[in-house]
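So that we are looking at the same thing, I have put the structure below in structure tokens.
Chain lettering (A, B, C and D) follows the sequence in which the chains are written, and residue indices restart at 1 in each chain.
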Amino acid sequence: MSSSYGENIRLTIFGQSHSPAIGVTVEGIPAGETLDLEELQRFLLRRAPGQNAYSTPRKEADRPEFVSGLKGSVTCGTPLTAIIRNTNVRSEDYAAVSQVPRPGHADYTAAVKYHGAQDYAGGGHFSGRLTAPLCIAGGICLQLLRREGIEILSRIAAIGGVYDAGELSASTAEKAFPVVDDAQGEKMRRCIAEAKAEGDSVGGVIECVIRGLPAGLGDPMFDGMKNRIAAIVFGIPAVKGIEFGAGFAAAQLRGSENNDAFIAVDGRVMTATNHSGGILGGITDGMPLVFRAAFKPTPSIAKEQDSVDLQTLTPQKLRVGGRHDPCIVPRAVPCVEAAAAIAVYDALLQRRKEMR
Amino acid sequence: MSSSYGENIRLTIFGQSHSPAIGVTVEGIPAGETLDLEELQRFLLRRAPGQNAYSTPRKEADRPEFVSGLKGSVTCGTPLTAIIRNTNVRSEDYAAVSQVPRPGHADYTAAVKYHGAQDYAGGGHFSGRLTAPLCIAGGICLQLLRREGIEILSRIAAIGGVYDAGELSASTAEKAFPVVDDAQGEKMRRCIAEAKAEGDSVGGVIECVIRGLPAGLGDPMFDGMKNRIAAIVFGIPAVKGIEFGAGFAAAQLRGSENNDAFIAVDGRVMTATNHSGGILGGITDGMPLVFRAAFKPTPSIAKEQDSVDLQTLTPQKLRVGGRHDPCIVPRAVPCVEAAAAIAVYDALLQRRKEMR
Amino acid sequence: MSSSYGENIRLTIFGQSHSPAIGVTVEGIPAGETLDLEELQRFLLRRAPGQNAYSTPRKEADRPEFVSGLKGSVTCGTPLTAIIRNTNVRSEDYAAVSQVPRPGHADYTAAVKYHGAQDYAGGGHFSGRLTAPLCIAGGICLQLLRREGIEILSRIAAIGGVYDAGELSASTAEKAFPVVDDAQGEKMRRCIAEAKAEGDSVGGVIECVIRGLPAGLGDPMFDGMKNRIAAIVFGIPAVKGIEFGAGFAAAQLRGSENNDAFIAVDGRVMTATNHSGGILGGITDGMPLVFRAAFKPTPSIAKEQDSVDLQTLTPQKLRVGGRHDPCIVPRAVPCVEAAAAIAVYDALLQRRKEMR
Amino acid sequence: MSSSYGENIRLTIFGQSHSPAIGVTVEGIPAGETLDLEELQRFLLRRAPGQNAYSTPRKEADRPEFVSGLKGSVTCGTPLTAIIRNTNVRSEDYAAVSQVPRPGHADYTAAVKYHGAQDYAGGGHFSGRLTAPLCIAGGICLQLLRREGIEILSRIAAIGGVYDAGELSASTAEKAFPVVDDAQGEKMRRCIAEAKAEGDSVGGVIECVIRGLPAGLGDPMFDGMKNRIAAIVFGIPAVKGIEFGAGFAAAQLRGSENNDAFIAVDGRVMTATNHSGGILGGITDGMPLVFRAAFKPTPSIAKEQDSVDLQTLTPQKLRVGGRHDPCIVPRAVPCVEAAAAIAVYDALLQRRKEMR
């Protein structure tokens, strides 16, 4: 089914880049939760375009209207729908893409899938803009999780081959450009600026850490925390890979190196290391849940590219107009947090059914 | 929900390592499909234990009994259930793990999740043995996909830090030890043998390629092919990461390098390169779908490890008895194929609803 | 999950009687379907309030805004959301109901379920007004079904104990007050007028016939056509019962009377009678699918009633203010058609997966 | 999807009348619940054939083997599968039905749906025998509900036009032939005997009452208790209608008659009457939940009937051989209880997610 996620809360994201509005319908949020709508707005601003030099200049208020599900700012228990109007739209920028698809975009696959009826303007439903409603739902979940003592932090782990060093902390996550090592951050920014100057783009890696999770979340075999998180994180455009804990590096370790010894600390079972990333058998073990998501470079670049005319099947040169981020990674940080928050909150509700 | 997958076919895997049987219930397989049960058996044998020097000596027939869903060897359209009896069981090997959890295993998290009522013998429902029913369902899907011209091939891309080279072909996939470069394969095997000799284990990477896919499979935003495949592949125990196409390496590329130019070949739209791994916007573009899954080293090792007694919270030394693979990767190859086949077949049925 | 229906199309209805808007999000409508939005509007008008003497005088345009899922009037394949603004709202009418629940309404049960956080104004999410988005989704499905040769007709089978006679035809279904026997219809209307004059209300029965269905729709055991239709029809407020074909009367027949003999007519298998209501084993047999739904009398009546104050638990006399229908049945006719259309269209998409 | 039910527990029923086994896979039963397997066996015996003069003489042990999900008799939290072997099978009785379908049965619709690949022997997956696994799952839920103070009682409300009188109590429900008025029960039995003597069959009505429910179970709009119960009860073969509380009779009442006044009794909100059947707005109000299901007469009768040859489309006379119940109603009583128990338990788990 298209654009839905979750079993215990269930959200559906709707809208196209240039339709009257985009938005999200969320079922299953318990009644009586007071939402801090200003905090939510601040969270959404982290994702919004036009915030800084290295993101697209398209400026939109991105202020959601809650058309249902709230009474004042308190959830009333029935489905919540929020919409964001599309106001700053320049459809003419995209007139050509239905005919000559942009490399690295969904223009071609959408044309095939929807038999030519796709809404191609601005990428339609495939636009990065659709992560705004993801952040509405995720921002709400983040607030609900915080009430249970669960925090989600993230950082830019790499951009364009420049890697951050050190360990992620709350103070890092609060930075406008969230890296531990600001010198590396500065290199990353230069990397973005260079790509931009050349009409090109760069990708990167985001690391996310979830702290305060109780042990026992997640379900075998296909609803483990890895399955749940991967299933939503791959819904963020441009994600190419995901790894948990030691991830791909674990494939090079010996079992005796990779296994995390159990220890008891202050009457609580913990592990001495955390190669598992806080997940064993798909279930949280009470240690921080750690994952990293790889983002490809923004496919929209100013450089000339090769494509084909879908009607004539003749080669075409293509130069993507419009306004685009030379690197999506900084704006994707809150999207990853939102996705993780939704996955975790869904698992948390699932867990309640097992308790009495 | 526990141990279920799929929207258009839906399978539920049941059983514990030492329960009377393990098995799978599958709904949604169309009626009238003749299954080649001998071919299925050969496929299951690739996963079965005791096949060679580098896998566990536990030998079981692993021959499924189809208790429903077939009339002879033809699907009759209603739910199919197959069971495999557990016969060669030595429960006493596992008596201790409910008290002193094995590092890297689900012993501890299962104990928390199920409030001590978990079936810990042999890892219970978390045993690698539960991949046998996954291979039953997946082996059936592989046969159904082949009728639609879709082939799934895979190889061992790395073991213990030794990487295969070259490009995967059908002849590679048919090898008993599926690597392109047999010299590298020989190094991998030595690597396994060394780890075994030291009472240790190694991990690795499996690469999977799906050929013959039509363009148009997969759904935005959370039912894209990446989401669907990741959601099932992380159900295979020991998987730590997954990446599609260029994957994590894409994060280091420029957009102009990573984008795949569209070309027309013999009246068909293709791409000149395949960094995307055959997926754009979550939807297949008709190129081979490529992904890699990272496996951690088998957590069961003969070496002494540190753990804690869950009752007394005192440190304990632990030596895992029983029979274990020093490297799970060779036997995991058909499991990855099975998982991929199920995800693709489910997407294929979804696609039928869009056609007329 | 709250207010969602369907497996192949999936709709979620959102909104409260007095929230900014009500609406519906629908996933799974195939791309490329041109919607006749004026015809949809005419369909919605049949349900709208204020159409005649025997319905509530609350007048609202009930004109949906399609904020996503369409390109012009053509479906683009991604989730469709339509909203209807709530404009003509008099919340003060309902100030008391959260304290002293109205008999026959959800005021009390919503208060318990949502721990007092329910949006009680106008009945909140439990208002009959929420059938408007049901009719949007259903009206779309009706158009899609017509393209497959499937028609849904219905009539008022009874009101206040007055029963219609004769067999339902298309010309009956098109009447403003759809009964075969207009004399009986006149009696029904008098019955409503009398109840209204006395500050009371009456219930009734709606019969629905679905023609042109192919044999083979519906799935054993819990997704049969009866299960599917009942699961959505009971979502219309005030429905108390549903029966298919001969229904409750079949319980009084002998098998030799109730069984429908198979016959061959013009090279097609049919049945000589249709006590089964077109369903055998949950699956359509190609005969008209017939069901009837019983509606209770509108619970909102002007007469004084007994209730309790939920805080003090003392008895209270209650007189329901506001504007209410003395009989919901005439306006419920399109709601029943909408519900049936959604159930049938969902089954039709399911069926496509079984065909090649 | 075929033969699955539930959102929080999810069961899939598999098997054909003459396949190696029938059974059920259930996910979502919390860990640590001790099952009373002997009590379950007694419950299954109430449904088993061959118990008395008015049911089919086919005798089977109907003793389930639990192949997974239990450790001893305690649930271990992972999917539970139970199978019942089919031992007493006489397939030759059914050789003809794939060619000449039995009136009132699924022979014809199954042939169409499954393109001729259906397992027709003994009715295949459509056999009443498939209610045995329903009773396994339901019998488990009954035990779990009892621990929460919830009881499910039922009675035969009518057979062949003979109606029981009086109000259902626990002592009635425990009778072998559960009617309040034994004189009416005697008439019902005579009615069955007469039909049997004539090679015919009769139908009836079962009433079910669920006591001890907390207020607050059930969800608007399509997961209300009526929707949930109807969606599973129509999965029992031969059910033609369902009504809640006053049901179809409510359609003849005035609002002032049908509304149930709220009263306070011992500090608890109740209603003075219970026309609503314990459900308002789809949500339980704490009063007994009451529903009735209508069963058609058994379609398998010894009398000669008219059918057609599906190949030649010529008329055929048909006499159904095999062993059949002249009235399914007495054996259907535990099936209705099982279905209700599953629906209620699923809603109960859903409710837990809303509590903290």
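Quick notes on this structure:
Just so we're on the same page, a residue touches a chain if its C-beta (ideal position, glycine included) is under 8 Å from a C-beta of that chain, and two chains touch if they have at least 3 such contacts.
From a predicted model like this one, the values you see are computed outputs, not experimental measurements.
Seen from the C-alpha centroid of chain C, the farthest chain centroid is that of B. Looking at which of B-C and A-C shares more C-beta pairs in contact, the answer is the pair A-C. Each chain gets one centre point, the mean of its Cα atoms, and the points for chain B and chain C are 46 Å apart. For this pair, chain A with chain C, the centres built from the Cα atoms lie 39 Å apart.
Counting partner chains per residue, chain C has residues 1-4, 7, 13, 28, 31, 77-78, 110, 113, 125, 220, 354 touching two or more of them.
Considering their complex, residues 1-4, 10, 12-16, 19-23, 25, 27-28, 31-32, 65-71, 74-81, 83, 113-119, 124-125 of chain A touch chain C.
Listed in rising order, the residues of chain C touching chain B in the complex are 7-8, 28, 30-31, 77-78, 220, 349-350, 352-356. Chain B contributes residues 1-5, 7, 13, 101, 103-106, 108-110, 112-113, 125-126, 130, 134, 158, 160-161, 195, 200-205, 215-216, 218-224, 226-228, 230-232, 234-235, 237, 239-248, 250-264, 267, 269, 271-272, 275-277, 280-286, 294-301, 303, 305-308, 310, 313-315, 350, 354 to its touches with chain A in the complex.
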